[in-house]
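In what comes next, chain A is part of two complexes: it sits with chain B in the first one and with chain C in the second one.
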Partner chain A sequence: MLNDFLVLMKQELVVTLIIFILLFIKVGSKEWKNEKLLNTVNVLLLLNFAAGCIGNAEGSLFNEMFIGNAITALEKNILNLGTFIISLQSYAWLKNHKHVAEFYMLLLSTLLGMFLMISSGNLLMFYLGLELSSIPLAALANFDLEQRRSSEAAFKYIISSAFSSGLLLFGISLVFGTTGTLVFSELSAALNGSPLQLFAFILLIAGFAFKISAVPFHLWTADVYEGAPASVTSYLSVISKGAVLFVFVSVLYKVFRPLAETWYHLLFVVSAATMIVGNLFAIRQNNLKRFLAFSSIAQVGFVLIGISGSSQTGSAAVVYFILIYVFSNLAAFGVVSLISALTNKETIDDYKALYKTNPLLSWALTIALFSLAGVPPTAGFFGKFFLLIAGTGKGLVLSYVWITIAALNLIVSFYYYLKIVKAIFMDSNTTPIQRLQIPAVSKLALFICLAGIVLTGLFSFVYEYIYSLSPVF
Partner chain B sequence: MNHYSYIALIPILPLASFLLLGLFGRKYFKAYAGLLGTASLLAVTVLALITAGQYFFEDGKVNGVYQKIIALKYTWLQFAPGVSIDMGIVLDPISVMMLVVVSFVSLMVHIFSLGYMKGEERFATYYAFLSLFTFSMLGLVIATNIFQIYMFWELVGVSSFLLIGYYFDKPSAVAASKKAFIVTRFADLGFLIGILILSFHAQTLDFATLIERLTAPQSSYFMSISTASFLGISVLTWGLALVFMGGAGKSAMFPLHIWLPDAMEGPTPVSALIHAATMVVAGVYLVARLFPIFSTSEAALHLVTYVGLFSAFIAAIIACTQTDIKRVLAYSTMSQIGYMMFALGVAKQGGEEGLGYMGSMFHLFTHAFFKSLLFLGSGAVIHMVHSNEMKDMGGLRKLMPITHISFLIACLAIAGVPPFAGFFSKEEILLAAYHTNKMVYAVGLFTSGLTAFYMFRLYYNIFWSKEAHIHGEHHGEGTLSMKLPLIILGILAVVAGFVPFSHFVTSDGVALETHIDYAFSALPVAFGLAGIALATYLYKTANDKPAAIANSLGGLYKAAYKKFYIDELYLFITKTIIFNLIGRPAAWFDKNVVDGLMNGLAALTAKISEMIKGLQSGKVQSYALYFFGGVLALAAMFLYLWK
Partner chain C sequence: MSPVPVTHILFVSTALFFIGMYGLFTRRNMITMLMSVELILNSVNINFVAFNKYLYPGKLDGIFFSLFIITIAAAEAAVAIAIIINLYRSHHSIDVEDAGELKY
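What follows is the complex of A and B.
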């Protein structure tokens, strides 16, 4: 039993261990220098990622509260990798911050929450994981302590989050009321599609949709993303979203399979609205952080298409896309937050003629944007293509209508991604951003992302590996 | 299969030179960048010719039928059981033919650019982009499966975006490159959905398997795709029409052609490469590649026919009204590609009825040579006078003898005058149309007269019409590197027509016996000559005409009067009817309605986006309200409406 526990919960235990190490450092008598602390944390996070790569087992614990298998281990490790990259990117910002250890403790607590959520085999466990992953995030959003808008972001986040949790809990209680169980493996047999259950299901979906900021539950996103520190924003938009999407797939596929007809149509409505609204907002943004926030809303609409495939291919395509999305979006956020940290410039107009002074950052941002837009041969192209193939897997007429909407949105997104590339390379500017001294750690993070963008697309074994791990439905 | 493995070098060499020039070109070997790119292309061309020789004359043919040979296949990604994504090289008559055309024209452009682009600051970058484009185009041509073709298709789009926008300090060039990219992307979305439909129903991405499964009337795949329907049209036709939409975007077919004239902002050699011989025929190639499937759907073929025919006709008329010489050529390209498209549309799979297919490919082949010659020639002219406008030209024949002669050859070829190349290929197209659809034939015939007219209008305006007003210092015809491609292409524009094309490229691989039927040829040639005559009469010179009239004055007043009357009539027909009543409105329609529709869509998007911005008020209470509203709306929708 203990052995099972140690093996299955290995990743959770390592993260907990790191949190405790940080706690001891913090309460210890010696004051650590920021640089030293940051380096230590980065090494620990790297080890955490490495530990996640080896020795994963399959099984369940605590009366199926906790389920671990190869695909959940992989999903958690994708989040580990993303967290590591974000940590590297935060270096420039945290170096002068007073509360580095607290930042990481909060960050890793949310990560732990996500892990529990991914491995949950019970709606209650799922709820606990979700809350553990959201409440510390509100504190993180407030981490630019002197900034008023940072506090505002935190406040908006916690209120919206509480509201969505309320509805989610209501949904869970209705599910329990109608079926008498909260265990995933028993639920699917107990669901019969009665109106009450459908209503409960929609409340649950709303809870998910809030976290992945699908329309119409997305309104908090822009304000929070803009107000929160850049690193927290990229964490929110990449890691937190990715985690909930992973859970979304397994919950829909496993637990709510009896309601597949309903959720297929529901996904259609939400996904179409998400892509359209996300893109229309993104077009108008001049602030790059806000722009990336909205474009990431539109990306979620795409992921929902892949989810609708409800097949092994669908599941694999979603995991694959999120891996690519981690690389691409973090590369874009990395450049934007670096420039914002060093020069306080965030608008597209500021980026005009960036190429003249900072070619490396320009190329990195361009490749990232191309990947987000889905231009071959970047990985983003393959990710989107596979999502679309998974989405047509049913061959329904509706799925073609859906894909047409998606393709139209692709064009729109092309337009605005290109707009930024054009500003960087082609526009002239009398006062361009000066030549920046890029810290080595930030450079490392950028190179990891760029390598990921190129290699995950070109080397097929990444997808094939994910596919082989994905459960058969 | 292994004795073809050297073909892998064909795409690899340009890729290598792209990487080399792109990464190190500007710093280390700026001076040799052009030579390096050209050398790699020369090697590619030689390899392509060797391939063609080996394929067509040694081992391509088995029992009199050209086989599809998979020279190389690498399973790149096993997507799901039974569906894999491969990267490979397929050899069949059309891919080998295209290999030769693309590498050869690209080589000519590389050589020409050595002189034309000399002294440009970003010379190495230019060659890097050219290499990238050539790589993508070659990859597209040899694709063994529909995913590979789509990927290279997009890469071709990206590299042409880079090339059109090469002069990025010119706002019009930037706008044009963006327009080209967005419009073709818009068409590509159709292509993408088409691919998804076809591959979903056939459960494969591989061309050979796809064709096999979707053409056998008894196969379950064919049954499922042809019996399912959407809006009363079978899913097969939908899939094909959407794939065709992608092709029409790249090949500048009406109404997706609007990017092509603007794309002339790029350097002229680029236009010769992209907008004459390679990228714009990708659409034709795509339809030809999937032709066996197209031929199972009558409706899809009709779509191809009429879109092609209408584009051919409308573009020819618009070409008559343009004064920018590159725009004339752009519309002319659109018109010629229209020919290739409708030729495919009137063809059937196999045997005598496959004549249109063969004619289309033949025309693609000959057109590549004379059209790239025309573009390169106009590049030489622009290099000389530093303007694209006809009014700045005239009388250049003495200053640029080589350009003049080669340009004349190309004009004769496109006008379909025997024995120049265009005559033979256009002949096959018209013959095929004549046998299947008289209406298509009639329009094609008339358009060929128009073609001859506007091409010679262009020719006279550049080389005759008035005395050259370039005096004193000028740099002649340019360097040898600019003259050489003109000469080579000029020779090819004469001899390409004598290639016994129907022996090599047909819809089913079996050689087709064609012969020139003089009785049939008489009419198209007469139309061509009439067009040339009319152009000669109107545009040859401002000096010649009074002289000719004076000559006739010496004899018969009446004849002179009559001639004058005919002149008026001609003038009335051309200037008033063709220009004002048809040409101008067509150009206006093109500019305002077709372009306007696109602009309107963009404006609408901006408007809606403005409207919904109001939702984002910043008040967290209202966010919660919308949230709750969303839940209620979804609940209402799924509990009551969409059960």
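What follows is the complex of A and C.
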């Protein structure tokens, strides 16, 4: 029993251990230098990622409260990798910050919450994981305490996340009322599609849509992404969103399979609206963080296409896309957060003629944007390709409409991604960003991201490996 | 005396849910908005306890769930109030209209 517990919950336990190590460092009598602390944390996070990759088992604990298998372990590893990259990227920002240990304690608490959420087999455990992952994030969004915009963003985040969990809970309470159980495996058998259950289902979807910032619940996203510190923004847009998408897939596929007809149409409407709104609003943005916020909203629209497939391909395509999304979005955010930390410049106009002074950063940002747009040699193309195959491969009439909307949106997205590339390479600027001293760790993070963008697209075994792990439906 | 039927209790909880939602959308004071969210969470608590008592008296899932909701609502309120205090220091106001730098 204890052995099962130690093996199955290994990834959670390692994260908890790191939180406690940081706590002891913080309360200890000896004051640590920031550089030393940051290096220690980065090594610990690397070890955390390595420990997650080996020796994973299948099984469930505590009356199916906690379920561990190969695909949940893989999803957690993706999140671990993303957190490690973000930690490397925030080096430049945290080096002169007063509260380094607190930052990592909050960050890892949210990571722990996401792990529990991904592994949950019970709606109670799912709710607890969701809250553990969203409450500390509000504190993180306010991490630059004296910045006005930071506190405004944090307030918007906590109120909208509290409201969305209120909707989600009301849905869960109605599910409990109609079925009498909270366990995932029992729920799918007990659902019969009565009107009350449909209402509960819509409320649950609304709660999820808030967390993944799908239209019509996307309004908080841009404000929070702009106001929060750049590292926290990248965490919000990649790790937090990715974790909720993983759970969304497993909840829809496992629990709400009897209502598949309903959610196929629901996903169509939400995904079409999300793509259109995300893309159209991204065109008119000048602040890069805000721009990336709307671009990430548009990406979620594509993920929803893949989710609608409700097959092994659908589940594998979503995990594969999130892996690529981690690399490409973190490369883009890495450049933005580095420049923001060193020069405080965040608008597209400031990036004009960036290539003349900072060629490395320019190339990194360009490759990342190409991958986000989905240009073939980069991995982003294959990510979107598999999502579209999974979602529209059935050949229904709706599939053709759906794929037309997706194609039109892809064209629009090319326009605004390439607009930034044009600004970097072709425009002239009287006050360009000066030549920046890039810290070695930030360079390392950028190279990991770029290698990920190129290699996950070139080697087909990455997708085949994910496909082989995905559960059969 | 006949017991209160479950529909009456559900009516109260649903009314509370929508009062909370109305308050959240119309009030401009941050503390009041937070209180409205708490109303929503409490309506869920009533739901859980009522379902558990009337429909599934042999189980404890609903009651446990409402206990956890109460705990987490407290944690959420603590963080939200900390953020509001910090926001008050920079804005000198807790009216949401005054915190409007991030737009469109």
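Here are a few things to note about the model shown:
Throughout what follows, the second predicted complex is superposed on the first by the 473 of 473 C-alpha atoms of A that agree within 3 Å, B and C clash if a C-alpha of one lies under 4 Å from a C-alpha of the other, contacts with A are read in each partner's own complex, and residues count from 1 in each chain.
Here, a residue touches a chain if its C-beta (ideal position, glycine included) is under 8 Å from a C-beta of that chain, and two chains touch if they have at least 3 such contacts.
Keep in mind that this is a model prediction, so the values were computed, not measured.
In the overlay built on the shared chain, the residue A:H265 is in contact with chain B alone; chain C does not reach it. Shared-chain residue A:T392: touches chain B; no touch with chain C.
By the document's definition of touching, of the two partners only chain B reaches A:L418; chain C does not. For chain A, the partner that touches more of its residues is B, with chain B and chain C as the two candidates. Contacts of A:G28 after superposition: neither chain B nor chain C is touched. With both structures placed on the common chain, the touch criterion links A:F163 to chain B and to chain C.
Touch criterion met: A:D223 reaches chain B and chain C at once.
Residue overlap on chain A between the chain B contacts of one complex and the chain C contacts of the other covers 155-156, 159, 163, 167, 222-223.
If you check the complex, the residues on chain C that touch chain A are 17, 20, 24, 30, 33-34, 37, 40-41, 43-44, 47-48, 51-52, 55-56, 59, 61-62, 64-65, 68-69, 72, 75-76, 79-80, 82-84, 86-87, 90-91, 96, 99-104.
Residues of chain B touching chain A in their complex: 76-80, 85, 147, 151, 154-155, 158, 165, 168-169, 174, 178, 181-182, 185-186, 189-190, 192-193, 196-197, 199-201, 230, 605-606, 608-610, 612-613, 615-616, 618, 620, 622-624, 626-631, 633-635, 637-639, 642. Taken in their complex, chain A has these residues touching chain C: 123-124, 127-128, 131, 135-136, 138-139, 142, 145-149, 151-156, 158-159, 162-163, 166-167, 169-170, 172-174, 176-177, 180-182, 222-223, 226-227. Against chain B, in their complex, chain A makes its touches with residues 155-156, 159-160, 163-164, 167, 195, 198-199, 202-203, 205-206, 209-210, 215-217, 219-220, 222-223, 262, 265-266, 269-270, 277, 280-281, 283-284, 312-313, 375-377, 381, 385-386, 388-389, 392-393, 395, 397, 400, 403-404, 407-408, 410-412, 414-415, 418, 422, 425-426, 428, 460, 463-464, 467.
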